[in-house]
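In the two complexes below, subunit A is the common chain; its partner is subunit B in one and subunit C in the other.
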Partner chain A sequence: MSNPTTGPHTTGPHTAGRRLIDLLPHIVLIVGVLIFAFPIYVTLIGSTWDAATIGRGNLPMIPGGEALNNYGHAWSESHTERAMYTPVRIMMMNSVIMALSIAVGKIAISILSAYAVAFFRFPLRMVFFWMIFITLMLPVEVRIIPTYKVVADLGMIDTYAGLSIPLIASATATLLFRQFFLTIPDELVEAAKIDGAGPVRFFFDILLPLSKTNIAALFVILFIYGWNQYLWPLLVTNSADMETIVIGITKMIGTGEAANDWNLIMATTVLAMLPPVAVVIFMQRWFIKGLVDSEK
Partner chain B sequence: MATVEIKNVRKSYGPVEAIKGIDIAVQDGEFLVLLGPSGCGKSTLLRMVAGLESITGGQVVIGGRVVNDLDPKDRDIAMVFQNYALYPHMSVFDNMAYGLKIRGVPKPEIETRVAKAAEILELGRFLTRRPSQLSGGQRQRVAMGRAIVREPAAFLFDEPLSNLDAKLRTQMRIEIKRLQDRLGITSLYVTHDQVEAMTLADRILVMNHGVAEQIGTPLEVYQRPASLFVAGFIGSPPMNVLDGVIDASGQGVVMPGGALLPLPRPRPDDANRPVKLGIRPEHLTISDGLAASPILVELVEALGADTVVYGRLPDGESLLIRMAGLPSCTEGDQLSVAPQPGALHLFDAAHGRRLAD
Partner chain C sequence: MQRRVIFDNKLLPYLLLAPQVAVTLVFFIWPAAQAIWQSVHIQDAFGLRSEFVWFENFTAIFTDPNYVGTLRTTAIFSVSVTALSLSVSLLLASLADSKIKGAAVYKTLLIWPYALAPAVAAVLWMFIFNPEIGSLGRLLNGWGYNWDYRLNGDQALTMVILAASWKQVSYNFIFFLAGLQAIPRSVLEAASIDGAGPVRRFWSITFPLLSPTTFFLLVVDMVYAFCETFGTIHALTHGGPGKATETLIFRVYQDGVVNNDLGGSSAQSVLLMVILIVLTTIQFRFVERKVHYS
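Moving on to the complex of A and B:
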């Protein structure tokens, strides 16, 4: 009994202390979860009451009966008696198209540039690599005015292309793929060469399947990155038809001239959370499957 | 099936010359082993034949075609790598079929060829598995299957057994030998393991520092090593190398301790010439007489079938003796040993080449 913290079957005077040590991490975690989950719970509850109840300032902590009404309204109606809104179904589609284009585009471009940098010897290879690397240091906000000018001159304001293309170049993803490609043994590349696979076949038949887990992980991160874009969509969309859901929510929160439709805002917020959650859940499965299946 | 000719092939990395001109013609169906210590250039030479390294000078000719400027896929070769290099995401079947698929071989033929290779290699049960679900030996068999189905002009093996444990290595060695006998495909095999070289090869190319030290059958290389390097590299435990001087009459060699070893044939021209004297441990026996030297036994290794004795000569040189059966001496004993008649190897003291017999 010299060390009461080892062994699950320890008994005696130290048992109570041990139990506390076991419980402590759980307590910390539960408190943490409550702190994170509470606002989401409030949102969920809020979306089931009418605007007047929320407006009075004492929102009940149990669900109300207005859920169907609120969600239905938010999904498809374009106005209430107070204000004009873009319906969630339109904003949702815009956001999904934008986030998917950004995620797919970023992965496609970065996996190809990483392939070039990692597997081919060409003049100025390292120059290009460092050029990609340096763009890591420039966040969207820094280059936003010239980018806006270019996009406007190309007539891409209020288009999906304008929403997504300027956000597609990604140094981070290129670096991640490059690092992964460097772990692929040379002999595998050589075996493919001897089997007769040219660069394109090697990419599609071998590299792409091996990158599955990396692609899945990046897709999750990049989809959420695209989904959460705020500043750029705010600049390049003018018409309500092109509004993304993140912008839609902020626009719904008024400037104080009129009372807000909090019930609809809450419902829209809950709907806005669903696609990223779905992507995480769906990709997580694929992600784990990839981890179990592939082996190098 | 084809011949592989390597004609004065060189390889330089900048100013460093890694392969300094190798010449060898591998016959149709021959099994050539490239043997040497790490860094001797044997893998580089193989990779130049495969087309994975550029050729700085000379020519590689496979089946009568100069392949210097051809891509690996156009050289009609198949290669087996040390770490198997199987495609991790493909089944055993797909691994073997991939090369054929790319070459546009019709599906039914792919299936028959893979089935045949799987049968030869006893992989039939594993065709749907992934490489990660196989043991090391099975993976190496898949790698060989991938080579077999291609029915290439030549097999290239790059230390294929180095990743396996000792027991499996012996087993796979026998399988490779059988396979090559059965298929009769010209093979180049790189290894640093002399046992693999001795057992598999029709001929061995012993390399050191990018130079061919000797080309010959396993027994030639063992019985008549062309240089001190080959003498030391082939044989385990290694050959004893001692300093000696040919006596004034040219009839024998005088050892440092004074023992006089008779030469197989008189060498009057070489009288008083200092030489390096090679004696294999298995060619030393306990005996008295003029040719015998006294040794102090320092260590005795009983291996069961035979015994290795580490002795020391009076002048401080160490001497290995391999005797059949169980040990007949212990540490601290004084023995008197002499080489069997005719079992001496004479090398030039300066450049280490074998003296003409």
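Moving on to the complex of A and C:
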């Protein structure tokens, strides 16, 4: 690449120096990209070799021929010579159900409560608002044991309800919807009222269609949030049939000895990354909007 | 705080709020209150009776030399993760924001790690740095450096710090990009005409103007390091070797779930709650001020 500001006749240290300065940002960015891509590349390659090759520690840097075998086995089989596993097909379904319930549940209850707080005036309005706000400061990590006990008392251990409902209260989603509702012009509400629309009709016919972009953006980040849960599923699921895929991987690894079914573990890891990474890449615009807006 | 035009209905707002409030009360407020109650009580071995003990659980924590070690580990861990992920993402974001070829491609290639679970990030790092199967882990040993994070506490702590920071860079990157795009180009161009080089422009204009974003991320990253990295540590080292990578949150889990010490675990939960409430309050006061003056 020639530098447009210096002509072809100028030579010497000046040109070389300029060229280096122009290239430096690219070099740094490429190194950055490589640092993030390298572990994924290794995992992808590993998932195409057999366990013995990986276990010996001489994983080649080019794909092997075991891909179909590994992915097929991880997807549907429940054991190898070494250990018992939950098939990825089951773990994947559990993760999908959990992530979808959390995302849909959070959006549904948040949009309703934001509607109440923004469009109605009623006693204790601010008390409820602050009660929802406080949940921001109480992530599941700081109330592990008592929350577990509540879920156990309600008989929700090893159920999809137990996996998702305790996580669906959302201050950030409520705040985001409320903020958006406050920007809706009074004239629009006035006109709807004159046309005889009650609060329910207004919500479904006007507010919900207007919120489409916000809902899509939130859905993307909440789906990822749900998919990536770790501590909570670790606590409330005991049976192998209820295992989520993120938990499943670390259970397969155990203590991390060389004699592991690394080929299956790596195939499972690739499958576990696929849905959330696909969501981020294909819905990039909405994803960034959802993330930046909900943290404002 | 509220719209001018509103609907009149006595019952409907309560019905709309009911699901959210129910979940909040049953799974947030009540358990948090339980944690506070348990933190000032000691249960007998059968869990039948409990006795009010004032702050005995708390003094027990702070006089436990192990806990002081956990505090130290948490401090090193969270400060390192925050500093590392903030500085790397700021560097990458300010380069990707400049007018260079392929900026859009770089952006896409740098934001996708947001999608990874902290535990999955840890597993990916293990595939590379495991001393037996990992290419870089074996390379280190081949060079005569005695690398095994499963036995060496300092190496284990380094591993979890790197894996946790690696995962958080993309999040910070997205927010730094948004912050950089909000800086008026005219200011930077004026400085450029006045002869300020890129480095000078960055430190005297971009960096100060980015400070609200940086501050916001500072708090978010601290909360991340305190709570969400449980998965990273659980997947990679299980708090070990010994207690070398045991952070506050890991210890709450260890004492409460594994060792079944309700009082001690709850007292630690309450301490964590206080830390989080302080961090969140600082964050919101700051955000409010920013909104007010802008």
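Things to note:
One rule holds for everything that comes next: the second predicted complex is superposed on the first by the 247 of 296 C-alpha atoms of A that agree within 3 Å, B and C clash if a C-alpha of one lies under 4 Å from a C-alpha of the other, contacts with A are read in each partner's own complex, and residues count from 1 in each chain.
Assume a residue touches a chain if its C-beta (ideal position, glycine included) is under 8 Å from a C-beta of that chain, and two chains touch if they have at least 3 such contacts.
Small disclaimer: the values here were computed from a predicted structure and weren't measured.
In this superposed model built on subunit A, subunit B and subunit C occupy separate space and fit side by side. Within the superposed three-chain model, A:Val42 lies in touch with subunit C and out of touch with subunit B [touch as defined at top]. When both complexes are overlaid on chain A, the residue A:Trp75 reaches neither subunit B nor subunit C. Contacts of A:Pro209 after superposition: subunit B is touched, whereas subunit C is not reached.
In the superposition on chain A, contact of A:Leu59 is made with subunit C only, not with subunit B. Look at A:Ile144: by the touch rule set out above, it reaches subunit C but stays clear of subunit B. Looking at the shared chain after the overlay, A:Tyr160 reaches neither subunit B nor subunit C. Set against each other, subunit B and subunit C differ in how many residues of subunit A they touch, and the higher count belongs to C. Applying the stated contact rule after C-alpha superposition, one finds that A:Glu190 touches each of subunit B and subunit C.
Contact with subunit C, but none with subunit B, is seen for A:Met131 once the two complexes are overlaid on the shared chain. Here's the short version: in the overlay, subunit B gets within 7 Å of subunit C at its closest Cα pair.
Shared contact residues of subunit A with subunit B and subunit C: 190, 193, 295-296. By the touch criterion given at the top, residues 25-26, 28-29, 32-33, 35-40, 42-43, 46, 54-55, 57, 59, 108-110, 112-113, 115-122, 125, 128, 131-132, 134-139, 141-151, 165-166, 168-170, 174, 181-182, 184, 186, 189-190, 193, 198-200, 202, 224, 227-231, 234-235, 246-247, 249-250, 253, 256-258, 262, 265-266, 269, 272-273, 276-277, 279-281, 284, 287-288, 291-292, 295-296 of subunit A touch subunit C in their complex. Interface residues of subunit C facing subunit A in the complex, by the touch rule stated above, are 2-7, 9-10, 12-14, 16-17, 19-21, 23-32, 34-35, 38, 88, 91-92, 95-96, 98, 100-102, 106, 108-120, 123-128, 130, 132-135, 138, 150, 166, 169-171, 174-175, 178, 216, 220, 223, 226-228, 230-231, 234-235, 249, 252-253, 256-257, 262, 265-266, 269, 272-273, 276-277, 280, 287. The part of subunit B that touches subunit A in the complex is made up of residues 50-52, 71-73, 77-79, 81-83, 85-89, 98-99, 102-103, 130-132, 146. Subunit A meets subunit B in the complex at residues 185, 187-188, 190-197, 201, 205-206, 209-210, 212, 293-296.
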